[in-house]
Each structure stands twice: as structure tokens, then as C-alpha cells.
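These notes open a run of structures that come right after.
Next, two complexes with chain A in common: one pairs it with chain B, the other with chain C.
And now, the complex of A and B:
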């Protein structure tokens, strides 16, 4: 008998649930879409990042030809070629292939030109060995000819050259005519690489005596590692393809993780939306559930039924999300490139690589969000006593009951503690944990905030009855307010946090650029293109008061970190140089060579003012850190050395940049034109304003994707507010009937609802902005320094804050009024009679 | 004559060759001619022989160093300028294994990693060496993944100048020739290591030395060559150069009697007749691994049936940019030596 009853009650429940779905398909569709948006964003961002990284790694192995191990020069100055026989005969080394590496140009095309010994390369890095085109006229080709050039498919396409033709190649300030003798079939598509004989490359391009790389084939890794440590001087380091891939990974990882996190926020907002929608749907069906409870269904049955609804929403939403996400990733790669505008993977073309594991993870996350959003309200509904619930479909909360504040406080405190913890493995894991905890605390604390904000108004005379009613309603049912607001509070908070961070960052970069770009003209040539004669010619241009030449070189300090940029330039004095914004400094004793390190370099390598550092310049030497300067341009770190010291240590007199001060009485533009006339083509001369504009455009481009993600989160949140408020309003039609009986006009009820909406919107905005300000501080002071190694001062985005508040209040008011109009349209008497 | 040369295509073949032309009328002088002749395009030091260990079983071995002057980078001051390129092969034939073990190396000269000295034999390549010791012996050390050899060679007979006092013709044109001498009946002692186990071995070997600028006629497809240490102390070298599409382009050889008298063999004096063939499953090439060598001597035609130690002595050196050929230990009724078959997998280019 009990069995039969249970069966009947299940049937009844199934019928009720099916009915809900039949009558309100739009509501379920909307929640599924919310999940789909979240999953799609997360998956798309993850796919794009993964594809970009994969193509970057592929590019690395392409250029390296998959050697077991490499000995690499620490700087583009290379190392002495006499290291080669010593490494080649070292224990554990089976073969060594010497490489000269040049960045070359042919017309407008750029490619990496490798000088190789074809015999050694065939044994160590066969993919870099050229294939001659097979044809009757190629019999006299010579792999040892000094002018035979082999191009990868991409380089061949980029230069427009054909096999058998001659090509003018420009590298290291020399133009040489080379014969395109064949292709490099082993180099993957998308990589512009050229290979020629190493002796020819050394001679033609002025690299006699120097090598940039030794590719090694090993037969005993352990023996080789020990031997190489002893052999390598200051000029070279041991590296594997893995370390180079790690370099690329290290540079962009923080950026990628940040984007992933933002995408997850969209998913989280979607989860809140499901929660809102399901809460309401459960509340409205409380009586129905109570009915099946009285028919014999246990509590678990109701939870299971609602959870099943959530699961269906989750599965449908997540599946759609994955499909949309994949499509978005393909489109985004076409539009923005592999780094979504972040500028980390320049040169590489990425193709979307489907990642089944990530797809599974995002599907699971979407499903989990939908399930959680359903089970939480279902549990609350199942707790209600069936008899009471049969009569009352309103707020389960007693208006007189105090609102709990401890969980929110605990979460907020936990977030605060997590924010103080250091980064793990270069990733601000605890920083993100802190943000998640603070966000959760903020959302949980909304009911308390509602009470807190409205209590002072409780006993005031508000002028009109509708306003009083609205205030009392929101004050009395803060749970409902919280349900409507959780999504929007979360997304507003995150948007404000991001906006605060970006505003602060942009402001910091802008004012830093203003300080740094103090000269009148800036000139930039390709690596080391300005020899002393060219420098003299530039300095002698009429109208130039001073030309400060500088040289920038990548310098490998640690093999698996990206090289820092060594900048050799004149430094007037420790404090007085305006283009060196010092954050900290130390005195330089006599007979020590000073260097000034950038803030990221100091963070990355633990350098502090006054400490001594060993740098691989002109043999291994020790330098005194004379100061730390602000730099937002080089995330991998930079070191400034006085040009005189640099020339003394390395003998390198080539320069690639110049900051030019125009003499009084001369027009900058005129000087610029006469300077251009004296320079070879390819040297850019720009004014600081242009540089500044360019830098800020790059900045905006790299943050464009974050704006998009924020906007989507806000839209999802607003949709949540709209859906929840209209549902809540419709559920209160009985209450409106009662009010009409008591004499309120429909206009007054609409006014009441508008006031309620405005109140909710305002509270949501206040909570979101306050929480966002807090999260912004975590972003600025925890996540940014831990991810990018630079600091900045906070600048508040007041415009955005006001705008978001206004938008929220407006949207909530409008929605409430529109919903109220529909709810009060029905006959007042009929509405009351619904009660039985 | 010997050789299997780097399939490195060399510039300037069609144009006036920048290399010295091989002409008759030289006098070989030692030890200078044991050393390199860098102006010529190609040169080799080629040792083949039979060894016996304590267990009495025979194995064959081959150690070869080639020098090539690619005539590139003549004015280039770079230490990497490819003035000379050295190639080397080593192989071990063990009938118990049924296939040949081989290793190869290549490098341009320079940096002390590879080079061929003039004045005396001293060739080195990535740790592999062939050199003449001060006591007149030769020594070689090579090691590959599967085996290594450390051998000394003591001459028991004076060098045998091939052709006209060392001028050996290879084709119808007089400049299609090489300078060529052999040292037969070298007494060998040393160690052969396989799978980490070193074994003392002794035996008898044959050294071939040849340098040339224009070795192979354009319509030649390859050659058959053999060098036999005869049991009575005599030595026989014979070769034929096959024409593309069939037939013999050139042939020659020499027979040194036990008393030291040398009989030069003209193209009509040498006939190779295939007796058994073996097809390589790896390359599909069909090799006449057993042949009847007929040589016309003053006393009449003498026949030397050549029987391989085992069939699969094919060397696939394509990985080192070198050709596929067959280089195997062979027996005849009255002696032992090596047979070389080139150009059977594809036409050979030098």
C-alpha cells in the first residue's frame, strides 16, 4: 500500500514538473543559455590560449630541429666558436652541430636565417637540412656553396622567391645575394626559416669567430650535463627545447590564467542565474511540492526532482556552450590572433587544437553550476513543513527573524588571509582563492546588507504608502532580494574590480610614458644596425642638440626564464636621469660597475639595491645594483648599464636606438625630416606622442578581450535580475489583489514595485561596487605583482562606477514596473480568490 | 680502386675542373704518399681483412676514410670553411650474425675534430683514426654503437703500385684515372669489442690507397672490385667498371707473384662472371655475391671462384649521405679477401 502511494506521488510529481516545463519553457531555456554562455566563454578562452601555446611550442621545436640539448649564447653577441670542439668532444656528447643564428630580411619578408654545417645538422637536427629540388638542371648544386640558401615553405611564400632564383638577404647590416637552392621540407608550416652553410653565413654576415648555438645529440645525458657545466663559460648556457617552451609559457602564463579566471567568472555568474531562476521556480511550486509530500513522497524525492531539472539544464547548456565555445575560439583566433591581443605570441599562427580534457572539465563545471543552483533552493523547499507550505507560497523567511552575518564575515576574513599568502610557482593561486572567497562572502552577506541599509529608514515618514510598502517588503524579505541580486552583485563586483585594475594600470602606464619619453625624437633601427659612422652622421644632423644612443640585447640569466633585456645607454647620474623612474636606489662605491634593474627584474631575480649581481657581459662579472626603476614595457625584466661600461666590457659599439634632443630654435618636424633623409630605409623616427599613442593602443588591445568578458558577465547578471524580478513579481499577484482590496490603485502598486526595483538595484549596485573595490585591491596589490611583477597606485574608475549603478537601478526599476503591470492586470477579486 | 664515395654532389664538374688532373709518369714516394693529397678531389684509405679470435672463428672487417675537396669556400676566412670533408665507414662481418654491422661518420675538417694530414698517414674524424706509427705500422681505432675496433697493421710486403707505377686508368679517357697503390698481406693484431665484450684477434688485411679528380666516367653505373691475399704470398687485385644499361666500360688489375714479380692486367684480361645472386630485402638491390673471376696470366687463364663469407654484407650508409653498396669478405680456393659491388641499388655518382 505504501509502495503504491509512493509510486502515485512520484507520478504526480513527474506530472507537476512536466507541467512546469510545458508552461514555462522560456524560463528553462534562459537558464540553460546562461550556463551555455559561461561554458562557451570559458572553453573558448582556454582553447585559444592552449592553441597559441601549442603553436608557440611547435615554433620552438621547428627552429631547434628537435635537438636533444642545446648550448645557447646568453646574448645575441654569441659565444666564441672555439667552444665548439670542446663541447663536441665532451663525455656523453655524441655529436654537436654548430649554428649561427641571424634575423634576416628579404624585401618585406622576415625570416630566421640559420648558418649550419650540413653534415653535423644531418646527424643532430635533420629537419633543418635542405632538400634540393629534383630536376635535370640541379646537378651542379652544392650544399657547401657559401651562397646556397634553403627556405622553409613559409619563408619561400613570404619572400616570393622561387628555387633557382637569387634573393637579396639583409642581416646584421649586410646585404648579400644568395641563391635559393631548395626547401626545408622538415620545417613545419607557419615558420619562416632559412638555412645556409655556416662558413658562408659567418663570412657574409660578419659573424666570423662567433656562434649562437650548438645543437647536441647525446648518448649519455648525465655525463653530458656534468661535463657541460664545467666547459661553458659566461657566454653560453645549456638549454633544451623544453626550457625554451617554458620561457614562452612563463611569459604568458599569468596572462592566460587571468583570462581563464575571467571566463570562469562568466560561468559563475551563470551558476548564480540558475540559482535565482530555480529558487523562484521552487518557491512558486512550494504548494505543489507540499501536495506531493502529503501524497507520500519523501523530502529526497523533491530534491531529486529539482536536481534532475538542474541536470537537464546543465547538460543542455554545457553541450551548447562547448559547441559555441569552439566556434568562438576559431573566430577569435582569426580576428585577434593566438594571444587574444596580448602580444605574447607574435609571429606564430595558431590553429585551434581541440582539447578533450578541457572540454570535459568545462562541461563538468557547467553541469556542477546548474546542479548546485538547483539543489540549494530545493533543499530549502524540502525543509518547509508541508502543511504550512500548502497555505503559504511567500518568503520562507520570517520578517522578524535576524539575518545571519557570521558566514559572510568568515568568508570575507578567509579571503583577506588568502590575499596575504605568496604566489605558488609564479601563479597567484591564493590571490584568486582570495577573490573567490571575498566574492562568496559578499554575495552571502547581501541579506544582511539589505537589512543594514534599510533599517535607518524603517521608522521615517517616507511620504507615500507605496514607498513605505516597498521599503517594508524589501526589508522584510531580504532573502528574496538576495536571490534576485546574487548574480548581479557578483558580476558587478568583478567588473568594477577589473575596471579599477585596468584604470590604475592604464593611468600608471600613461604617466610613466610621460616621464620616460622626455626626448623630442626617438629613433629605432634593427638590432645593432647603427654603427659608429651612422651614429656620427646622426649626431651631426643640423638641429640636433644631443643624441643618446642605446643598444638593447636579450640576455639569458636563467635558461628556463625568458631573457631579460640589457639596455646600454648613457645614464647621467644615479638620481638625475629623467627617463629612469627610480623606485629605489643605493650608492655606488668607486670601482664597481653600476647597473639599474627594472622592477620586474628585481622581483623575478630577487635583486635589491646595493646588492651585487653576476651578469654574463664581457666574461662573467659582478655588478652593483644602483637602483630599481619602474618599467611597464618589459615583463621579462630589463637591466640598464651605462653605455661606456658596456663598450668597455664588450667592445660592441653598435647601437639600435637613439633618443634625440632638438636644439632650441629648430622645429622638431623639420629635424625629423632631415634626419630621415640621412638614414637608410627601415629606420623609424617617431615623436614621443606617437610612441605614447602606440603604447596605449597596444595596452588597450591587450585588454580588449577582458572588456568583452566583463560586458558579457554584466549582461548575464542583468538578465538574471530581470528574470528573477519578473518572476517574483508574478508570484506576488495575490498580494497585489489584497492591496487593491485595501484601496491601492494600480498606479500606486506600480509605484511600489518601481520603488522596490530601484531599491534592489541600488543595493545591488552598492554591494557590487563595494565588493568590486575590495576585489580590485586584491587584483592590484596581490595578483598583478605576483603575475606580472609590477606595482601601481590605485586609480578609481568613478565614471564606470556611477554608470554601472545608474544602469542597474534603471534596469531593475524598469523590469519591476513592466512585470508589475502584467501582474496587476488580472482582476483583483480573482487574484484573492486564488487563495483557498 | 675502391670506394664508395660520398653522394655529395660537387660543383664545377661541368665547368673546367679546378682540380689537378691525374697523369701517367709519377713516382710514388713513401711515407709522403701515405699522407693526404688535398688538391685532388677525392682520396681514400681503405682497409679490409679477415680476423680470427681465440675460438678460431673468422670475421671480416672494413675501415675506410674518405677525403673530399668540395672546392667551396676557398677564400672564406671562416674556420668552418669547407676546404675538405672527411667521411668514414667501419663494418664487421660475422657469419654467426648473418648481417653486417656498420657505422659511419662525416665532418668537414677543422677545429681538430676532423682532418687528413699530409706527409704521412694521419686521418681523424670525431675520434676515429687511421695513422701510420713511427715504426712503420699502421693503426686504426673506430667505434660505433654496436662494435668498436682497435687494430694495428704491420706491413710484410712492400707497397704494390697499381697500373703504370701507380697511374691506374678507370675509363677510356686517359684523365679518367687515379693514383693507386695497395699494401697486401698486412699482419693484423688488435681488439674487437662487441656488446661491451672486447676480444683479442689476429689476421690479415689489405690496404688500398687511391686519389683522383675524375674517377668515374659519366656513363659508368658502378663497379665490381676484389683484392685477394693469396695463401702462397701472392696478391691479386681486379676490377671492372660497368656501363649504364649493361656491358663493361673498363677493367683492369694486377697480380703480384710470390716472388714479387707484378703482372699488369689489361681490360681484356679480366672477366667477372656472376655465379649466384642475393636480393636485399631492405633496398631491393640484386647483388652477384658469388662470382667466377677469370684472369689471363702469361701461363694461361686462371680462375678464382669468389664465395662470400655470407650473403647479407650490404652496407646502407644513406643515413650519412652515402650510397648503398655491398662490401663483403670472400674466399677463393687459394686465398681470402674482399669483394666490393657498387651501383647495384642505384647508379653511382662520384
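And now, the complex of A and C:
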């Protein structure tokens, strides 16, 4: 006999699906909205991050002028200009353009000032060559003049200068008057860049004999790579536009991936909501499915019908989600900036660019969530025996039936194992896998938890019949409870996990700031360094007991990673310096130069106490790692070196920061004012409390978007509880009719439902909070170290835990009562006689 | 050819509750057989076994010569779809489909030709006296009318076998009598074989044969 083909039954399937949709349009709309919210959040966050990264790459290209290859100084100290002729004549190098690079200020406007050899730059990086208003002008005297400055359109607008005017420019502690001779038409909008003659820049800004960059035009990349490896000393590295872009990517990637994951939580919750809705719908339609099975629809037909519903929900929800997500991305860029408050792409002017591949991926994810949420209950419905289901009105509850616990245990164990695995390519892939498995295990384990929590109450006198009925119903139908709760358990768990992580992180940062900000005043030279004379003036200010000067400068260790921050400062002793919070240390033998590396640097570069590391300071030298210190400020890593060692190795005696201890008997504010009077403008003197407040404000700003995402996930979850409880209650109209025949008042039935709602809310909160505490540990001890390279101790968000529990119990109780009123409003006799 | 033929059927439910053993039944085309018996004796179970929805512990069932035993679920489903019609005590008219769609459902499971299915459903609805109600929904009909719709659904694809489980259990005697007459006439006119499970003497009265189901099998009851 031929197979019962599904294709031939497609008319019946279409009738079943269309009929159900006409019958309950609101339910389908609500589930599609849940998917839409998830897709919209995920797509918006992805678009914003992608657009910010694209704008960052554009900025890199603008400053680099699209050279084939670059030789870059490892630090702002630059490299010896005698390297230039050797590189220019190296095999494979067709032309080389030397560059001096300075951070410059004109009034309040900041821009990147490049000193260029115009003839060489015209051949290698023509976009950086200036033009007068009449057009490209490499032959003009202006471009060779030592004080001629060419500004990009953005820099011109920022400084407010006009071509032909003179502009006072501050860079490298020197203020110089330059003539704005023209513009840089090849530099795209949004990039604040200035260009001048290299000799003029070196002379005017104290960079004689030093270069920061060589832009290269190549005729043989392989030959050039080989030759440059031999030529370059410790002060310079080979870099391309891509390696610099990768630096930006590496710096923000973990943050972006974490945000993406958080946004997907909303989608996951939406998927659970579809599961809840479809489970209820399938349960309610069990007899209908049994009928069509009896009439000749194969099992696969039931699965196909429900999957088709899921697919339509997914397609509609995902399509709406993409449109809303795009709109949200545009709005979020305006409100929060390109990094959604993370502080990674400050100053950028990102524009949302539609990404078809990402749109396809999020569409597929939305569809998959809706399909999975539909197929799982459909499979259960297809397994039901048609004859039994037709006879029975769905009263299939058996309180004696054991509740399976092994699948939950297996998933939880799998999650535990995944949490122990290392990061892949710097991303906590297994960490997120662990979270997904633990989450799935927790949700699957809800029926077991319901039974476990309520069993001890079965034999107790609960006072009233409604309470007894409520307890018996929830205890006897733990699967129904799980269906109602899965979405809210998932979103609560993730909210508590995030709250635990953020509370722990914020607490750790706050406590760390308290430790490291041990001086009375902090001074930072903004726009110029402090030379030895300035340092002496500051130290001699009345009321200052001690001024600890430090120098911070970026140091490139690996070309495609962001530079670590080298901090040259006094270190009183290996163990006794209160501003250096040591996590681990090692003895320093005589005749070795110690450095102390930050925790992120140790994670990123695999450094450990007692090991020797090669650093490009004063030529390539080896240093002994004397300790690892806690640092929550520099994700890319930092290295502390004694100021005396730094000065001896580099000859650099400039400093840019100072920690000042006020002498006993002097008022801090008085000393601060007297210090300010002795300092040039642009030097900020701040009290530690202000710095601490500022740091914590930055912290809160960078996590603001995560709070928004969490709140949305919780709202979607609560909507799920409301929809599910409402549907479950309405589906029990016949039961309520029977109870009213037996003598229960409407009020008692409402009391029964309120008790059920409260029980479910409480169980959901207990499960969500417990699971969230577990997931929080994965975030703190696995995902955070693997993403951001720092560790912290757990601090529990007790207020949030109590608040979420109260909100859940309240919301579930209210929902159940409202649904109960609606369900008991119908005539009891009609309810009992109702066929379907 | 015999429409239904069973031989030596046995069925046990639960751990060791034997419903019946050695049960044999033959129904020829155009014949209407009523099966009565005490509650719990296994009447509905026997009907489910005849439909391929439940398995016998021993014995064989043939529908139009096709043995159900060796068939898998998929093939039994197709056989049921094409050769068997059902009438239930609780009507089971889907509330979200029109009456026309409800009646046409067996045809829609066989072929995607919607127009043909609805046209045929209209013809059968007219036969049961509801020709002008095709666009209505279940909530617009009385119990007797709903059962007539159910009978139309059982007949629409011209099955060789009609199985009815307490078809008048939810109806008053007068309505039940009209519905039974309708069912008997339709069975005879189509030459189908029908098995009706019932407690009702009135239902049994329209049957060609009345059989009593006990643990020892089926025993004829003289009219």
C-alpha cells in the first residue's frame, strides 16, 4: 500500500492552521511580537556595533592615508630617523614617506597633526597631501613652508579657522602659530586631521631626529616583509591598516559579543514564549488532532501543521523584528553613541549601515526559535493515542506519575563541563555554551522542582478548599507549570546572572578605586607634559608633602593587538605600595630590572610572576615580572616600571601625571588652589572622590544598555507568564463550571487561581534566582576573565533578588485572578456542557 | 468480498484484565451490525481495533481483505483515511471550521482539490438535510444537527466501512430515531458495512444483526 503522503493532505493542513488562526488571532499576534522583540534587539545591537566598527576602520584609513604597509613606532617616543633611508632602500619597497604624528589642540579642538614629506607623501599617501582652495597644489610654496598647516574639513570646522588665518597649535608641550594654508580634500568627513611639512613639525614640536611612522609603497610584499624583519630594531613594528583595524576590533570585540549574547537572551525568551503558547494551543487541540488522526492524517501531519504555524509566526515576527531593529539602531546611535555607552569608539560619527548577512542570520534565528518552540509540543501531541485523546477531554493529569530529572541533570552537568573549557580565539565560546546548557537544564528541571517543593505540603491542613485545590493542581500538573514558567525562569535567571556580575564588578571596581586612589590630589597634564622644571615647581608648592610623578604611554607589544599602557612611576616596595594592589608576586634578583604587569596584561600575554619578558623600552631588553596587580581601568593591559629605571633606559624625563600627598596641617582644597595657580592652563588637579565618582559614572554608563536589554527580556518573560496563565485558566472553564456546580463561589475560584498564581510565581522566582546565581558564577569566573581579562569576587544583588521575586509573585497572582474572573464570568451550566 | 472480517481476536488491558478472547466477526457490504454489552466490556476497544487505532493481542482483522496486523501506522492511517468513516458520540465537529469544511475534511486529507471537496460536502450535507448550512459553524447547530453533520463527514468519501461509537448517546429519543434512520438509509444506499456500538435498544432495532459482547466473544441476540 502506498504511503500516506503529507503533500496530498495539504488542503486539510491549511484548513486546520487557518481555522485556528481565525479562532485565536490575538494569541498568534502575541507570539509573533515576542519573536519580533527578540530579533529587533539582537539586530539593533549588532547593527550599532558593526556601524561603530566600520566608522573606526574608516578613521584608521583616514589617518593612515591608505599606504600599502607601515613601519610604526612602538611608543609615542618614536624611532630614530636614521631608520628611514635603510627602509626606503630595502628590497621590495618602491617608495617610503616619513611621518611625524602628534596629538594637537587648537583652542578646545583636538586633531591629529601629521608631519609629512610632501613629495614622498604625494607618491605614497596622496590623500594626506594638502591642497589650496584652487585645487591640488604640490608645486606651491605653501606646502613646503615650515608653518603651513592643511586641515581636513572636520578639523577646519572644529577649530573654526579659515584658510589664510593663523592658528595657535599646542602639541608635545609646545605652542606654535601656524598658517592655515588649505584643506585635505582626500580625508573623509568625520576625521579631524592636520598635515604640515615634516621638517617644520620636527623643529616646531621638538621631534628632531625622531619619526613615528614610515608609510610604504611596495612593489614586492614578500621581499619587503623579509627585509623589514631584519631592519627593524626594538623601537618599530610593521603594521597595515588591517592590523590597526584589528586592534580596534580586539579591544571592543568581547564587549560587542557580550552585548550580542545579551540581546539574544530576549530572542531566547521569545522562543520560550512561543513554546508556552504553542504547548497550550496543542494541549487544547488534542482532541482535534486526535480526530484528524482518526480520519486519516499521519502523525507527521500534526507536527507539520504546528510547525507550519510556528514558521508563519517566525517569518512574520522576524520580518517585523528586522524593521524595528533597524529603526532602533538609528535611534540608539543618536542616544548612546556607536559603542552603546561602552566607551570604545569615543568621538566617532557612526552611521547605521544595513548588513544583509546579519539580517539573514537574525531572521534565521527568529524563525528557528519559533519553529523549535512549536515542534517540541507538536511531537508530544503526535505521540498521543488518538482513541484515548478523543474519549478523554484532556484530563490526563496523574499526580502519581514520576517527574523525570535525568535530562535536567545531564544538561546541568554538560554546562558544568563546558564552563571548565578555555576560550577560543579570545572569545568565551564554551562559556556561552555552558550558560545555554545550564539554562536549558534549569528550565527542563522546573517540573521536578515544582514536585519537590510542593510534595511536603500535600498532607498538611491548608485551611480552605480553594487553597487545597490550588496546591493539588500545581503539584499534579508540574508540566503545565513548567510551560507557564519556562520563559520567565529563563529571563529571570539571566537577569539575576547579569545583576550578580554587574554588582560584583561594580563593587570590585569601587573597592579597587578606594585602594589605588590613596593620595590626596591627582594631577594630569592635558595637552602637554611636565618637564623636570615643572615637576620641581609642583613639588615645591607649599603644603605638598610628596609628589609622585608618573608617565603613561602606549607600548605596542604585538602589532594587531591594542598597545599596553606603560606606566613609569615610583614604586615604594614590592609589597608595601598601597596604590599597586598585588594579586601575586615573585622575588626580584639583583641586576634584573623589575616590572609589574596588570592582570589583563598577564592574561593576554601569558606573563607570570618570576618570568622574564622582552619589552621594547630603550631598545629590546628583558625585564623580570615582579608581580601581577589588579587593574580594572585598562582592558588592553598595563605595565608598571620604576620611574628611575624608565628614565635610565629611555632618557625621557617628562611626566604627565602626579599623585600628591598633602602635608599634615594643610587643607587639601587650599593646596589644590595654590597648585592650580602655579600650573599652566590645561593641567587638571582633582580630588580622589571626584575621580571615583567619575569612574563609577562611566561604569554605569557602559552598563546602561545591558539594563535596558535585561528589562526587555523580563518584560517578554512576564508577558509569557500572563499569556500562558490566562490561556491555561480559560482552557479550564469546564473544571470551574463543575466546581461551581459543587458549590464553590466565584470568589473561591478566584482565590484558588490566585493561590495557584502565587505558587507559580514563587516557584518561578526560586528557580530563576537559583539558576541566575549559578549562571552569574559562569559570567564572573569564566566569561569575564576570558572576555575582559580580569577577575573579581562575587557580590550578591540581594535587593534585586528580593525585588524580582516580589514582582513575579505579584504579577503571576494578578494575572491568574484577572484570567479567573474572565473564566468564571461564563455560565457554569454552559461551561460544563461545552464540547471543545 | 467481506468488508470486515475478524478471527480469534483477543485483548487484554492493564496488567492482566482480559476483555475478550476468541472473538470473530464478519460484516458484509450493505450490512448494519449493532454491538451491545455492559460498560467496560470492550465495545469501544473493539471498534478502535477495527479502525487500526488499537492492536489485538491475538487474532486477525481484515478490512476489504487487507490484514491490519502487518501494516505500520502510516499505512493503517492511509487505509483508515480512504476506507473507513467514523461517527462519534460527542460529534467532534471542529469549532473553527465551517460545516462544509468539517464534512469535506476526509476529502481534504486525500486530495488538495478544495473546490471538488466542498462540492461533494455540499451534496452530502444536502442528503442529511443541511444543504443550506454549509457556511455555518458548529455553535449555530443543535445536537441532532451536529450529529447529522458528523454522519455526512463519515459518508463524504464513500468509505467501505462505517464505525459508529454510541452515535445517539447525546441525543433525545426522538432526535436519536431520526439520526439512526438517516444513518441506516445512507449505509444501505452506499452498500457500506457499518458497525455501531450502543447501549440503546432503539439503536439496535435499526440494525440487521445485534451482537452482545462478553468476555467469551460476540453472541447474537434475536430481534
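Criterion: the second predicted complex is superposed on the first by the 797 of 836 C-alpha atoms of A that agree within 3 Å, B and C clash if a C-alpha of one lies under 4 Å from a C-alpha of the other, contacts with A are read in each partner's own complex, and residues count from 1 in each chain.
Quick note on the criterion: contacts are C-beta pairs under 8 Å (C-beta built on N, C-alpha and C of every residue); 3 or more make two chains touch, one makes a residue touch a chain.
Since this is a predicted model, take the numbers as computed values, not measurements.
*Asks:* What is the contact status of A:199 with respect to chain B (first) and chain C (second): first, second, both, or neither?
*Replies:* Touch partner of A:199: chain B, not chain C.
*Asks:* Looking at the overlay, does A:149 come into contact with chain B only (first), chain C only (second), both, or neither?
*Replies:* In the superposition, A:149 contacts neither chain B nor chain C.
*Asks:* If we overlay the two complexes on their shared chain A, which of chain B and chain C does A:291 touch? Say first, second, both or neither.
*Replies:* The answer is second: A:291 touches chain C but not chain B.
*Asks:* Would you sort A:95 into first (chain B), second (chain C), both or neither based on which partner it touches?
*Replies:* First partner only.
*Asks:* In the overlay, answer first, second, both or neither for which of chain B and chain C A:22 touches.
*Replies:* second
*Asks:* Look at A:122 in the shared chain and tell me whether it touches chain B only, chain C only, both, or neither; answer first, second, both or neither.
*Replies:* first
*Asks:* Which partner chains sit in contact with A:208 here, chain B, chain C, both or neither? Use first/second/both/neither.
*Replies:* first
*Asks:* Which positions of chain B touch chain A when the two form their complex?
*Replies:* Listed in rising order, the residues are 8-14, 70, 72-73, 76-82, 85, 106-108, 111-113, 126-127, 320-321.
*Asks:* Which bits of chain C are touching chain A when the two form their complex?
*Replies:* Chain C reaches chain A through residues 44, 48, 51, 53-54, 66, 71, 73-75, 77-82, 86, 88, 90-97, 101, 105-106, 108-114, 117, 138, 153.
*Asks:* Quick check: in the complex, which residue numbers of chain A touch chain C?
*Replies:* 1-4, 7-12, 15-16, 19-20, 22-23, 287-288, 291-299, 385-387, 390-391, 835-836
*Asks:* Any idea which chain A residues touch chain B in the complex?
*Replies:* Against chain B, the touching part of chain A is residues 81-82, 84-85, 88-89, 95, 98, 117, 119-120, 122-123, 139-146, 197-200, 202-203, 208-209.
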